[in-house]
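Report on the following structure.
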Amino acid sequence: MGLGRLFTSHPVAARVVSLGLFFLVWEIAGRVPISYAFPTFLDTFYAFGAMLLDGSLFVAYGSTLQPLIIGIVISAVVGVGLGIVMGLSRKAEWLVAPLFIVLQSAPMAALIPLITFVYGIGLLAKTLAVIMLALPVIVLNGYKAVRNANPSLVAMCRSFQGTRMQQITKIIIPDASPVIFAGLRLGLAAGFIGVILAELLITPTGIGDLITYHRSVANYAEMYAAVVSIILVSTLTLAALEAFEIRVLRPEKKRG
Amino acid sequence: MTAPSASILGVPHAESDIAVEVRSICKYYSEVEALRMIDLDFPRGKLTTLLGPSGCGKTTLLKIIAGLVEPTSGEVRVNGKAVTGPGPERAFVFQDFALMPWATVMRNVAFGLELKGMGKAERQSIARHYISEVGLTGFEEKYPHELSGGMRQRVGLARAFAVDAEVLLLDEPFSAVDEQNRRKFQEDLLQLVEKERKTFIFVTHSIEEAVYVSDRIVLLSRRPSRVAQIIEPKIDRTASPDAIRRDQGYLDTVEEIWQGLKHYVD
Amino acid sequence: MTLYGYRVPMMASLLVWCLVWELVGQSGLMFLVPPLSSVLVAGVAMVQTGTWQSAAWVTLHSFVIGMALAIVVGISLGVLMGRFRAVDELFSIWVNIFVSAPLSALVPVLMILFGIGETTVIVTVFLFAVWIIVLDTRAGIQHVPSSLIEMGRCYGASPFALYGKIVLLAALPEILAGIRLGLVRGVKGVVIGQLLVAIIGYGELFELYSRSFDMENFWALTIILFAAAMLMSAAIEYIEKKVDYYAGVR
Amino acid sequence: AKVRVAFGDIPSVESLHLLTAFERAKEKGVDIEVTYLKSEDIAAQAVVGGQADIGVGGPYALVQKVKAPIRMFMQLSTLRFYPAVNGEFYKTWKDLNGQEVAVHSRGSGTEAIMKLMEQRQGIKFSKISYIPGAEVRTGALLQGNVKATIVDSSGRRLLETQAPGKFIILPLEGVNATDEALFANTNFLEKNAQDVDKIVEAILSTWREVTANPAVVSEWRAKYKLLPDLPAAQVNDIGPYFEELAKGKAFPLNGGGAAAAKDDFAFYTLSGQLTGEPASLKVEDFWDTRPLDRVLAKIGTM
Amino acid sequence: MTAPSASILGVPHAESDIAVEVRSICKYYSEVEALRMIDLDFPRGKLTTLLGPSGCGKTTLLKIIAGLVEPTSGEVRVNGKAVTGPGPERAFVFQDFALMPWATVMRNVAFGLELKGMGKAERQSIARHYISEVGLTGFEEKYPHELSGGMRQRVGLARAFAVDAEVLLLDEPFSAVDEQNRRKFQEDLLQLVEKERKTFIFVTHSIEEAVYVSDRIVLLSRRPSRVAQIIEPKIDRTASPDAIRRDQGYLDTVEEIWQGLKHYVD
């Protein structure tokens, strides 16, 4: 419990200790080595540095992030719109919600290889993979958020003779925005999975190519660096999005 | 120090004196009969309390008057005009405050005016007046989560005052406020009633609170709810709060109501 | 939705979508989309083949083992994190990273640690499912009303009784929700594991049918998989409802 | 002990002869367990990592790079690919100058072939893109999503049956490099010489039989109950497929060995998989020819 | 009808009459000083109430007595024996009831006995006795969510009675119960105190409630909390509830406490 107290007073300490322990175990496992194909942490770290310096990481991320961003933007616009419509209209809910419930809990990964047959291997195919995985969760979150907007706030707005439009723009959407935003974050996480799957399964480009290529030529340190980098990038992106959400969407949470 | 006079339902008042008339209201929630043939008059400028056992339909009746809930049959008239929905002459104060968490106290108080399309400067000056009236000057730029329960309810009250409705509908406004603050708030409310000269319709669970603040108390029976009794506590409101609370009339009225409600309690 | 006064169950709209599918299929616009009816016919034939049965068996086997591990580890770690600050601080960064990280990128390196073939698939299922179970269990444990724990202590509960009779039961709704979400992710994991590393079971069939453009069988496979995922999640949801009923207002 | 084989593809018509050979080795008492992996490089990784004993693939680049002592010990096939272009757009190699072509993956044999042809034809592709799976590339070609790519023999036949005359197969000469070989850790080869010999012998005899009589593959499929639920269309494909390969002498009847290694050095240095002068590369750094030598001594060369 | 006598802290009682002794208790929550040098005696068989402003440390003190919270310094003795943790001679009744939602009323009430390893038949017969004592006969097989707040708290009380502890610690037991049920419950509690002859230590926010139910009221000051005053309302408990509530002594005591606490309220 002494450790617990240290961590409580210094939350950063916990993370540093936790990360440090992990890297140490990795380094040791790599030195044993548990496998010829398992690089040490330091090798991986150097490989990461080298890939940064020779620019291959930047090129790869350029190719990976482009479809991701396009796909997320499309999913966000379509998904939030559709979610709000479903939240407001029982008929739309009835027709569309079950479809997305199925898509959300289904292993869409199985369908990704099909994309190539119709949409080839270009940007379009990767963007589509992102949308396939990201859209359902964004739609469903938007829909649930709107459907569950605080009824007492809605009644308050009605009692002050707010119009339906005012109700939607001034109460329902602001009230739903944190959940909608959480949906966008989940959608982004799913989008990362989608673009990686597309690059691993159908079109080895970007970061997926770095992984497969370095594996095929046995540059395991580079391969691991690529894998770690994508996890790092997605984690940091999601954290940044969350920080943005708190700062911009919910001023009241900033101080409290 | 006079004894309370229990007047029987339907005692006629001078027409212009009645702000709100409730006529033959019945309300079913699918199979559940919540209200059965409610007929009531709410005199202008008075505070009338609806009191009754839990789940008897007090909130339902208040929302029907507010135009937020449709009655199954019957009609509500405000100033002689039938109610078809929420209207500018009525304002609701919600039990859970219904404050927008993303908006400051200022924006919350001015919200009714914002919905009406009033310009920012004008509505803020009105809001500022009522914020000061409920004693929250200095808190304009705070967010609801930075306030205590009692302060939040004051914001809800100021918002209702700001739209300058004649009839204020309050659904258990103090139930989320702790005991000692609640007592303070009751005293403040009496002053506001005095000052604002509006028609208040008030729902509470607390007998003492009802007797302490009301001009008239409507006792509702268990579901399906009907008007069981109407009591007009004759209490000298000019006396100090302390004196009121040990007024024999006050104590008798509390006791009378308690005896009437006791058998509803499980 | 209500139609002429009747409540039409929500899932009924899937029938509308099935009809749309059939029409698109009949029109022959996309070779990827054969008519639903012919998919169903192919599906009936497919499930009778030994290949499908053994693929389903292999898949189910990896899935069940991976999920069982994920549930045991997830609940244990979740309980530890919920109860002990130090454990929580030590693991929370990893749990929070992995619960939303693109684990598919990690799958290719897993086999170095965990072997090839079924093991990797099992580990993939485990990795996809475990984090959400940890997080939900942890939340459940942390939300056990402290008064319930104090009540147990007051009446002299041993630590064992405290967990067995109070804490785990009180956290059950959250734990079940975690398991339901974990199941959904686990199904994704079994497919991704079988597609990305070891081409066995369902993954092998997906690859086989899509390579040979056998779209009827491909979609039949997909429908069965989707239905299985939905059914499992619905089953847990049903249990959740029952538990919620007993848990009443928490 | 169990011999764990990592195979970087799904079992299909094209691997029926290899599956048969494994069955025969099992009959000889070698306990073989095959795992089907997503791709060749995962299979290679499995062998490097000690997760598998024998891998299937062409791991020249890997052997040159990795510290693990991996050696090939028998060639299974040579590259049999067909550069195919959409006749509406291209007719000859020269037409591909400045155009985009699609190959299997970075560092694959298909890429090596296309790079080799770039040099030989004196052209330059604008871009090489990667589409794993010959079937997928064939489909993409048929769908019009790519205009120039390289397919395998069943892809070529599919193109010919689905859209006769629409696609042109460009000529390809003098490419005879290893496509797939068996490889393993030296340690494994050392300790399990008997099992390895049995496997090599089973494969060589199978390869010789199938070359002599391609039709026998269907019988083997029935005998060993291989791929029981193969769709009818693919069952019909078995005959022509092996017929064509046998005619083209595609099955290395002597298991490759040093001669094959020399060819590969030339090809893969040219295509960039291997670095260094072909002449300076040593066979023993890449191959362990002893199992093959022993078996050939026993059953004779052809 | 006698005036309340405010006795000064430390008036000695006959030794055997003291069930719980609190000696020099201080409590810090890291930097926050919640309690400062509390010395108190709780007489056997009486109901003593802890009253004080919100956040002053009433719950903390009660939990220290229960053995659920460690004091920073000082000691609690029950029947002369120092407290080191929870013990069978003390039972706690929780503000939020702390009922297990998945267990029936019967299992909840018998839970303390179940933890002691008592056989099913025996513990159920004991539980049945106390279920009837709190007036819940017929509800044995119900689940907590099927009961009203007042009924749930009765379950909590029955559970505490069932383990037959001498000292019952009640932390705002009625605050989650609605006004009217609360009133009923207060009357019932007085009967139970009478009947069970146990030592009750009671925390509440409500002055009326404190005065109505207590033999002794300990007023705590604002944080860091100290004993501000001890009041012993001299009220004739044999009178009817109505009579008690209009007893002048009662009203004077309420007023006296209210004046004392008023300046703590915002």
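As written, the chain order gives the labels A, B, C, D and E, with residue 1 at the start of each chain.
The definition used in the following text is that contacts are C-beta pairs under 8 Å (C-beta built on N, C-alpha and C of every residue); 3 or more make two chains touch, one makes a residue touch a chain.
Since the model is a prediction, treat every value here as computed from it, not as a measurement.
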item: Neighbouring chains common to chain B and chain D, by label; value: A
item: Common touching chains of chain E and chain C; value: none
item: Chain-contact steps, minimal, separating chain C from chain B; value: 2
item: Label of the chain whose CA centroid is most distant from the centroid of chain A; value: E
item: Chains linked by the largest number of contacting C-beta pairs; value: A-C
item: Inter-centroid spacing, chain E versus chain B (mean Cα positions, whole Å); value: 34
item: Chain A and chain E, separation of their C-alpha mean positions in angstrom; value: 52
item: Distance from the mean Cα position of chain C to that of chain A, given in whole angstrom; value: 19
item: Mean-CA-position distance for chain D and chain C (Å); value: 38
item: Junction residues of chain C - those touching two or more other chains; value: 108, 112, 195-196, 207, 213
item: Set of chain D residues in contact with two or more other chains; value: 42, 45, 49, 51, 136, 139
item: Pairwise chain contacts under the document criterion; value: A-B, A-C, A-D, B-E, C-D, C-E
item: Touching residues (chain side chain B, partner chain A) in the complex; value: 63, 66-68, 85-88, 90-92, 94, 96, 98, 100-102, 111-112, 114-116, 143-146, 163
item: Interfacial residue positions of chain A with respect to chain D in the complex; value: 35-38, 113, 116-121, 201-205, 209, 212-213, 215-220
item: Chain C partner contacts - residues on chain D that touch it in the complex; value: 4, 6, 9-12, 35-38, 42, 45-46, 49, 51-52, 133, 135-136, 139, 228-229, 231, 233-234
item: Residues on chain D engaged by chain A in the complex (per definition of touch); value: 39-42, 44-45, 48-51, 61-62, 65-68, 102, 105-108, 129-132, 136, 139-140, 143, 145-146
item: Touching residues (chain side chain C, partner chain D) in the complex; value: 49-52, 108, 111-112, 115-117, 195-200, 204, 207-208, 211-214, 217
